[in-house]
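You will see chain A twice below: alongside chain B first, and alongside chain C after that.
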Partner chain A sequence: MAGGSAISGLVGARVHRKEDRTILTGAGRYVDDVQERGMLHCHFLRSTVAHARITGIDVEAARGLEGVVRVFTGADMSAITEDLNFAQPIPGLHSPAYPAIAHDVVRYVGEPVALIVAESRYLAEDAAALIEVEYDLLDPVVSTTAGLADGAPQLFEDVPGNVVHADEQLFGDIEAAFAQADHVVTDSLDQHRWACNPMETRGGVATYDRGSGQLTYEASTQTTHTLRFLLAGWIRQPIHQLRVTANNIGGGFGLKFSIYREDVALCAAAKAIGGTVKWIEDRNEHLVAAGAAREEQLTLEAAVKADGTLLGLRVTMLLDAGAYPINPPATVYAGLVRTTLPGPYKLPAYQFSHKIVATNKASYISLRGPWAVETLVRERLMDKIASTCGISPVEVRRRNLITLDDQPTKMVTNVTLECVTAAETFEKMIGMVDLDEVRREQEAARAEGRLLGFGVGTFIEPAPGTQEFWAAVGFPFGAEPLRIRIEIDGKVTAFTPQTPHGQSHETTLSQLIGDELGVGMDDIRIVYGDTDATPFSMLGTGGSRAATMASGAAVYGARELRTRVLDIASHLLEASVDDLEIVDGIVSVKGAPGASVPLGQIAMGCWLAPDQMPEGTNTELEYVASYDGEGGGFSQASHACWVEIDQETGKVEVTRFLVVEDCGRMINPAVVEGQVVGGVAMGLGGMLLEHSAYDAEGQFLSATFMDYLMPSAPEVPEVEIEHLEFESDKVISSRGVGEGGTVLAPAALLNAIDDALAQVGRGRVMATPVTPTRMLELLGVIEKA
Partner chain B sequence: MKPAAFEYLSPTSIEEAVQALTDPDDGDTKVLAGGQSLVPLLSLRLAQPARIVDINRIPGLGEITESGGVLTIGTLVRQRSAEHSDVVRRACPLMAEALPHIGHTAIRNRGTVGGSIAHADPAAELPTVAACLDAELVARGPRGERVIPAAEFFTGFFTTALAEDEILTAVRIRSAAPGTGAAYEEVSRRHGDFAMAGVAAVVRLDGDVVAEARIAISGVDLVPVRAGKAEAALVGRVVDEPTLVAAAEAGVADLHPSADLHGSAPYRKHLAGVLIRKAVRTAAQRARESR
Partner chain C sequence: MNNGNTTREITLTVNGRKRTVTIEVRRTLADFLREDLGLTATHLGCEHGVCGACTVIVDGATERSCTQLAVQADGREVTTVEGLNGPNGELHPVQEALRDHHSFQCGFCTPGFVMAIHGMVEEKKAGRPSPCSRAEIREELSGNICRCTGYQSIIDGAEAALAAGAGKES
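Up next is the complex of A and B:
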């Protein structure tokens, strides 16, 4: 870190995670660990059909079951709640409001149609079985093309033609680019729907205190403040009487960035009943109803010169939004794809159009790098350009990548790139791979009847991105606050609006604060997940912001308190501030350890007898810092993937995976590597195994872990990681790294598979997931069913 | 995912267990052994029996014995125990080969040999082994004990010849003859998943010529399928590549597998052929090595 920070060696070290002892010893507090006196249990009855008008619902038998406290139909719930409305003043956005529990039309399998509150979850599920719902079936829309077809069934009156949003944007002179082209290279990809699947599903415990009128919602959420802010209006609860908390969170991956109708129904039920209710989503309903991601179809058309130089790019995207909008609006996803797609390449002209289509499926949600399809299609296109121009995948990238020497420069999407090292990570990676040897191995394998493939890719990610970037996307890029306090005994408490759910913020923020204030890891506590305690932020943990934004707030906050402490100490020790240091909670004069005063002694004075502290000093040892990101920035990486394809069984084995990443200064390399490995595993699993599948009637086909296949240890290769730690001259040069693995790994994998297919004269992968069946179809071994 | 209410009985003798199945005679009772299939079905409410008869406390159902050239595996023998049994490895190498393909270690620690066979999942390993080896399934009911040949045991998708008041008590398999080799091959999406198709093969050689071949296929029909035509294509022949190809073609010719998310019908049919070749090749190799 540049900018004169006081390093004592925690930042940059593989410090053990503070979180692990709690979690690994089973002492964590997840939603389903919560047990309150008199707590009631909730279960949602869900639609069994994809699209239908509800013509009747009979809940009398359920209400009469012993142990059932309340049954809420859609009408009952709508009487005590407002519809969820995520509409924003975005031109052309059709964002229908919808009730917490459906009462007129159901639009996906899994949509809540009743909420049962009972003395146990068993009883609640028994009661659900007694509810009779009459459905008048409507034709379902199960794909974007079906939704856009003439005469297609309309999901919402206020979404004409099922088009949630459509837009086209032009950057540069696209006509000229194609007029100059030696080749026009076209490509397309149909990406399937896959899901976040955190270990802990959605859920929460809502408690209404009849005495104070206060409602507390302990939720599994990535963003407590947004949840509180939106919830308050929808459950008609004054916001100052609403507290949202989060303790341990068993993963989110983007899913828990939104607020869901179940949150609204649960809190409204607690208020109506005047007690505590708990709902934890079971895996079956999670897979069916929580929402899924990534279902996009893209077509690309590239104008290139004979030497492979990119001149222009036309892209269209259809995004299958599912039925109901969530937060953020779907335009943000489209904006992210559009803005990021040119990536770290020189691209003079660009045209991007999209249509976001409503279908009878669960909502399209955020998933770890929600824009990832841009990297997937771009990196595949680069390989296709290479083969068209007769150059290697490495050469085509070298000829088009923006290097550090080219910067600062502007992306065609009007985003300034500075300190972007995608090209440098790529060169470092290529330097680690003997490409000739890769080809020799492939030839030798083919001689034995084996088929090997090798693929590469590179990218940048907005982690956290820049002001310009988010302006281009159409999403705010807010500053990040952090409240920090030196306690009366010199220990430190910091309050962050981040809601860490695997990102190790308790560890990394403690490292940063520890170095600044000269206190040990164990003397720092990071408080998160409590709207009564933490400063406000709309964003919580998401969008790879924390490494830059929360770090900056922590560093600035700690520095401010350090300045105040040293000022006081300089009076007490009669030494210049510049001659002081804080080590292990002792302020002393450098080189004269005898002249010292414990931090705890200064703190006690400040808190108990501020008027007796040296005159003119600031004795306030609590401070709210805000960090604007100093313009923000990007992370980058390059991946290389080796596969072996079994031509008899169609199974794809990833035999080696190499990552060269650059997230700037690493706060904790172990945390960085954990994120990279997890991200790569998720990306590979998404391409090869995971599938939130629907049939032609909109029935959901992947409702258990026997059908929704998560990658397990034997399916995940060892990921080799090399770091390129480029540091900018900003105070905080750490960048996010949680999403990139999932964004780029699919591209390297599909490029490797396509490389293998090309060796045996077969065509490329055009749709995912790459199941053994699809693989053998591509290889021409079996006919397409 | 909470089961509906049921009555739970835990008899300590087989007579008591049979009585529990017989009375009341409403056919709404399920036997609980290792619970690795039944409990998820209960949790998903796909099975909502009125009564569960837990047979785990009945003594004498967990023995592995070999006598008179017959291997007998008690119904409650845990799959993990069978996997580690020297007796099973010697007398029924096919089962020893098949067992590690079942789920994961934790599943095999609880899952039982008899439970898997009685559950009759056509993609599962042990029903396929039973079909391949013409195992005898010993059942106990109110009218006493009867022995059901494997060929008559598997009657349909998750259904067997067991009457509703009968309990599978043991599996009997003729001990492997000298000069026999066995192999079990399967392909699943992930390690531990149910197979998209699997093949059990046993080959007995007389010199270099196949004297006896037994092949059964999982995952391609409502029940495990004996590949009689493939077996016939092998007997009297030397196991070389053309013979293997011919056997595989014969073995899959009559298959009409159904499709699901994990494999299309053409895929499963193709895969069965690939696995017949692999399994028979390996079994023949082992038969040669055993001499």
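Up next is the complex of A and C:
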């Protein structure tokens, strides 16, 4: 059945979120809300220098402070843990193993050098102030270019030249493409480091049961199962004696996909002490030490025909990985950028090379669409090609975009595109904008001394992507399980490996199950965040998988149980299965409501007296479904951005923002729109305000929210959204939408800024963030620093 | 070294209930509410007074609970999100408006916004200057940070809460 059923009309409706009563009343259980009897509190002492050899650490005074239970130095911790080793069987990947707490060399400001466990966090922080660490300073590496320079300080013995990974891949005949070119258009972008900054920082509560030997870790994580299996090895805990749970999670944005050294140290401390320990990162620690994203420098060279047709593209990328690898390995980021960069455009030939460089900074981590720089540089390049060829940004895209009529087709990176509607979203968007009016307004504004800009962009998003796509990236694309049970009274419980942290999966999965099984939203509970209860998935919530993959598992699971229930009911009601329906938990014969049996009655029979149920029926009302994605697919969108630039202060104001998106069939439009607006806000904030900045010594400069500027309500524009709901003929035609706003909005924004700069004869943005100072430099008002 | 355990007795009212407690003078109001009283709806997002997740109402005004000490609340009246619901857990009209507009996602910043918007609605009811346009509501809420939503849905909910609150007694 194409598109799934809509028996009770929950799917597609803006139903209230199941999550909202909990969060609006403050009744949630975020990890910092956990209080266990006898619980101890942890604090990490962190390195104040970027690169140094630890020559001494004196913790005696801290140990002597009343209320301090234990102080772990790096050596103490290494005696009870294994080094974190994220090395994968990837050719040429230099992924150094590292201890939970540094004991030899520190490689970024914020690296843990001691863990204090005390009766309160206040006391733990008091104790930290009593610890003396002696550092023998080493020269820091604070940029990719410095790291690659001859004679550069080496961060690790096993990372020669500080190069974590380097590769070059070739698709099509790139030499021929450049030989035929009428124009060669070059471009580059130096993207700055910025961060996920979920409102809830990292943290956890670890409890070791001395009787059973079981360790329970209540975490703030996107991936309970992966956290569990990596943790087990590193704290030497048998995995069957390790349970990871997660309740309410205050945002993740990719940060909470990985396990971190603090998780390892915390759980090892609980085990060593034999009780409950809690660590909640404060915002200062979070900004300094949790890791940040997006620090990439790209150069591009496009071979184009005189009419703007793309012939070939050469791209190089330097990625600043920070000091220590986390999950996923850096090659996955490079693979994602490489594979996705051609986007929805016809591109006959392509060459991509990258170098991933270790530096003395906190780890490079995932951030909402970790591959986003591919869209940013490609969409900027399209505008530059347009201006080189003397055509409009709209026309250059029209001439190169792959339309539905062109599909199925293969990207140059060997990924099949099918049902991709980037071109259609673009046309729909352009149809909503009066381009002549935009130019007239700009002229009128210039006459008044004001400066307006307009920019567009389009893209495709692997949400969830396809088997081929993930093979090209070099990352597994597994099926998604879901366990579903009709309870003894007819209510439904479903267990998902998703670990939602704002994505409303309790609501959307209930909508899907409710429609399939004919039960109401209140009669369904979604269980997540417990490795004792939920089926295994490596991924949890991330990579925009849930809309397709978790939805598919829910629909297939519910359908299987529906089939079993209807088979039983057909015997009981002496009617054909085809004549039965389930509405509000009652199975009845269509058109004859008197002939009915409550779901609860069937369930009670199945659970309590299966031998007395109709012969030959399947009375198991619990089932584990697995959904393979039916080949998977892509989301797509086009954005248009209007800006006004204040030429005296350098402030960039986004005055209008339009999104035309297509994530296939929407399960809950309010949820989709929330993801889109939130994503756009994050993308704009990242380009204009946010910066995880380091100085030349590797000191971190953005350690509070007064220095790291988060977008607040006045800085974010009203986002207009138009949906294009293209439905494939697959059972599940819903696609992910959580990451796209953050991926595409920066491109439309920078194109709008460049458009404004061009009107006053100034050059384009070549580095981000576009702060007021940088804007004034670009406008020529002040000298470049 | 002073181990910080200097204590003082204070009397304050929290969510309508008067309490007399002896407390470390360095304990923040937020930690007192969350850890000593178990009122964990008040969240800590930055602990330096920027993000607004810890917003509570003290003597009728919205205040940060992370950047004041519990002893500063001596003799004062504090309301947290837990104090908004009806006797049977009914949602407060502000919470209903925010639910109806799908205002939030992960929920971590939510209690701070609920209190900030509740404060705005009460100001309006009292006839004091209060925001009218969406731009004014955005400005008024600029002391609360949300990373998930991009604010639009929160502004929708706040607008509705202000409209609904204008015609009603509290």
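Methods note: the second predicted complex is superposed on the first by the 781 of 785 C-alpha atoms of A that agree within 3 Å, B and C clash if a C-alpha of one lies under 4 Å from a C-alpha of the other, contacts with A are read in each partner's own complex, and residues count from 1 in each chain.
The definition used in the following text is that a contact is a pair of C-beta atoms (placed from the backbone, for glycine too) under 8 Å apart; a residue touches a chain by one contact, two chains touch by 3 or more.
Every value quoted in this text rests on a predicted model; they were computed, and no experiment measured them.
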Q: Would you check which partner chain A:575 touches, where first means chain B only, second means chain C only, and both and neither mean what they say?
A: neither
Q: Would you sort A:682 into first (chain B), second (chain C), both or neither based on which partner it touches?
A: second
(Q) Is A:706 touching anything from chain B or chain C once the two structures are fitted on A? First, second, both or neither. (A) both
Q. Just chain B (first), just chain C (second), both, or neither: which does A:126 touch?
A. both
Q: Have a look at where A:714 lands relative to chain B and chain C in the superposition and call it first, second, both or neither.
A: both
Q) First (chain B), second (chain C), both or neither: which does A:782 touch? A) first
Q: Have a look and say if chain B or chain C is in touch with more residues of chain A.
A: C
Q. Counting only touches as set out at the top, which of chain B and chain C does A:693 meet: first, second, both, neither?
A. first
Q) If you stack the two complexes on chain A, which partner ends up touching A:649: first (chain B), second (chain C), both, or neither? A) first
Q) First (chain B), second (chain C), both or neither: which does A:772 touch? A) first
Q: Using the superposition described at the top, list the residues of chain A that contact chain B and also contact chain C.
A: 122, 126, 282-284, 704, 706, 712, 714
Q. Hey, which residues of chain A end up touching chain B in the complex?
A. 121-122, 125-126, 129, 282-284, 648-651, 689, 691, 693, 701-702, 704, 706-707, 709, 711-712, 714-715, 771-773, 776-777, 781-785
Q) chain A touches which residues of chain C in the complex? A) 1, 3-4, 24, 26-27, 34-35, 38-48, 50-51, 53, 80-82, 84-85, 89, 91, 95, 98-100, 102, 104-111, 114, 134-135, 137-139, 141-155
Q: Over in the complex, which chain A residues touch chain C? Could you list them?
A: 14, 16-17, 19-28, 30, 32-33, 35, 65-67, 122-123, 126, 130, 197-201, 248-251, 253, 280, 282-284, 501-504, 670-671, 673-675, 677-682, 704-706, 710, 712-714, 716, 718-719, 741
Q) Can you list the chain B residues touching chain A in their complex? A) 1-5, 40, 44-45, 187, 189-194, 196, 259-267, 270-271, 274
